[in-house]
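As written, the chain order gives the labels A, B, C and D, with residue 1 at the start of each chain.
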């Protein structure tokens, strides 16, 4: 499913999107399949599936630990595409990974493998707009969205440069810092949403962990909420992870729905 | 130079592969650096600190006895005499001064063995700027004395407990901190690595080494050397001494750490010879040569010299190697150790194990004549920090 | 100077109180030193080594932040940047060169903590002269790294197992060796102590410090400083910086080690403040001030700084103190430690604990105004060697 | 007894002198008295009694150890003079010590104490001729000999300077080095004896430990033999020291007598 289709579908329902991140292969490829299903059952609209890289500079300790568990369990790009290809879900899947893995596989091959395994979008946190021309070209060819991030620090001139290249949705970084669940939502979020002048959907991530926060984000004008560390935390704890993932997804989605009510 | 700053690349290498949140900070840094790099007041102040605080110029010493032993005329560029015991301070003084000019209030840095962290702490103390240094928790134990040194100089050392608890985790953590605090904080990178403008800026700050050599060798020999040899981890001491000679007819040898052999497994390399054996990739913000496995996962590198033990290398070095302007080569742990002992015994100079790699290469290469008649070796640091390591090897071999 | 060499004394101090068997060697040394001291070729060669090998001139650094903290304008003479990490090499390079000019084939020396021994080993290696260093067996264990450093540079370290197995036994043993091998061997004394011509010769070799300061302070301030402050063990760094100013209107403060208090028992002193609390006597070849009991037995001295821990002092200092030209004073262990931390934190310079005594005195004396407006402190060495000691104290206090 | 009287007496007997050194107070003042008596019984003609100094640079490890034992047992200059004063011997006694002890006591007082306790001569190994003027003055006043050393390294000009000041006997240092028993006698000894042109008796010390060596020295032209470390070694061993000291003195004196036979 294309990302834009999903957002259109939600728009019609007057609903915000829940975009859930987990790391593929954490702690095993089998578990990932089970967790993805649970998240979908809970109400996730889009799944962001991390392809683990050895040096994840843009991720916080929680997600870094998930990445390490996946790497130690032997997750590789080959296994990743096989696992994703075998997923039986009917919502958009997005790969999140670092540029070196894409670069090493070869840009055309990577994008082709994405397309072949049913992936609709690519997020590369260490690939700013300036360096993205080549990858964007292949994404266009295979009709895959290349999703960019904007941050509170993003200047107006950069904002323009990014918005020109936008596809799928815009990933708004809610606050300075790296991924990781936090207790409150920065006031700068609303301001940032206002600054991003585009009709393309805006999803806000970094630091969201409960339904109340999710509702606040949607009320602030976002089209979607991205939640990662809170899910990875559940996986790290282990016990009845699938059940708890589903429950948290449900809480978040309920929050999102409530915001429009 | 202005020309060059406009571009973020060296050929296909370099660039700015960092999270969006950092891009404005890099743009600001590029802009500010461009503003001050040729500013007479900035440069006068930097020169003052390099001279009166760091002890520059460092001598260019004709090592007569080593020359005789190796069969080629050898000059040693004595960065071991710079305050702190290595070339590292040239860069941190430059960046600390820039931090002040930029009006930032805090310096952060990553450090492996603690050399760069110590140089940051020194510069931070001299300028009265709050300094925090990320260091792998394992490294803080292995390099207890350097931790203590930093703390004595008022720096806060933050042990990083994630990942392998070593340099790469410290880099990651420092980047995270910068992401969260870009507005007030300058991130001080310790070599010619990372995203633009770091490779250019650090090279420029280190170029004082090569500029001095130009004048000194002219004074002593009436001509340029045939070869210049420098050890290469990230590549800052190498670029510092090479850069002013790029346009001249002087051979430039970048000596990497051959470790215990040029082999790799799926997870680690027995060496740190990135220019010699790495493949193109993107690491820590730049496209460069990288030690990586077939999937692009970064390998754990290895070397007896902590300062060379890095899976990446400066993008400009990758570029210069590709176009044939510098010659990448390497020395193994055992060769570096033997050269270390030669220099101690013959000249009364205890070199850093890093620098010993450069000496070892000259030892091997002198006989073939490829170095020419007059060679300059960059003694990037002193070896007092390495005594325990060398002593450990000696005991192992008993 | 020629004048002065003819006499073996400074007022009533100095002389040559050594076994007859050594007298001819001292006469020869005096004669040879007199021959070469003003010889242009000798001096040119010495200057060359001081510059290209040792890294001179050392900077005179205006320590702005320390000045502000202590309330007086402070310049630091950076002997910590000299090769080997202390002023000691100025002297050993001079004596090693003289050894070569005298045609002797072997250098012997005594060392306490290992600083002078290391400087001897460096000079010996640089000149290719066989070097053997006597060191108390206890000290070889306490200062294992310095022993290793000397050995790396090809020197033989001979542990002395007699007596208290510390510095004074090493001195005795070195003198015995010299007695047995005067014809081939030069005995390298590490401070302005011992029989004539050592106090004069070592002072002259160290005077490069003060000569540089004269030019540097004129350049920076357009005038001489009001005060010069130097720590004083044997007194070589003090005499080195004082001597060129003897005829000028500059106050000279010799700061001794006050240890844990100015008390003595029948066998030991809690301090090493010989100028402050010693009495006239004859020790190690010279009449000078000595820490001794009522019978004339030499006391065990004590200081947190190994290099100041000596029961004697250079005879010229005793003389200059008597005539009021220098002012003896002292800092206690705890004061030196506090000053050590100040300099680390405020300036990014880790001073030797010896040098920290001089800093500590300035801290105390600045307020009274007795130092005047501009003070030069001789930072005789770097403190890397002292980290274990300082760390030990910190842990003790926890 | 004056030293010159003793040498005259021996000259008449055509005998060389045995000069024996031990350190006063090693290991106790009482023992010293016993040992001195033993040495005299064995045939010592002159006793050199060390006054222990904390930093004995001119002495070898053997004698240094004796000095340490004496210092640890509490020997001081005061005790020294008391002990010496109580000795009942009828041969010349010589004090051997370092200059600082003399200097600290005050030169006149030290020499006066020597005279009062029956000492005939003073040897100060760290007091070369050049520095001896003041002490020599007091020695003259109290009629005490100040004994100088000459060494193989002593130049002609120094030799003259020393011989001008000579009193008692001349102490010839047999070889380069410090005190300590050695197996052979250096060839330079004969040469040195010949170089010392004076009618004042010449005694050779440093490194003599048995009768044969003693005989060689006398045959080489010396008027006396000085033995120290060999005696101090016996004291260090402890067991039946007095008996062994007497026996060694006898062996040495026999050797000396044999040389003239």
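We take it that contacts are C-beta pairs under 8 Å (C-beta built on N, C-alpha and C of every residue); 3 or more make two chains touch, one makes a residue touch a chain.
Note that this is a predicted model, so its numbers are computed, not measured.
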Between subunit A and subunit D, centroid-to-centroid distance (C-alpha), Å: 98
Approximate Å spacing (C-alpha centroids) for the pair subunit B, subunit C: 35
Length of the line joining the C-alpha centres of subunit B and subunit D, rounded to whole Å: 67
Per-residue multi-chain contacts in subunit A, two or more chains: none
Chain-level touch network, classified as line, ring, star, complete or other: line
Each pair of chains that touches, named by its two labels: A-B, B-C, C-D
Residues of subunit C defined as touching subunit D within the complex: 8, 15-21, 23-25, 27, 162-163, 168, 171-172, 175-176, 179-183, 279-285, 287, 290, 292, 294-298
List of subunit D residues in touch with subunit C within their complex: 53-58, 60-61, 64-65, 68, 71, 76-78, 98-105, 125-131, 148-155, 158, 162, 173, 176-178
Footprint of subunit C on subunit B - complex, ascending: 51-53, 55, 58-62, 65, 78, 80-83, 85, 121-126, 128, 145, 148-149, 152-154, 341, 344-350, 384, 387, 390-391
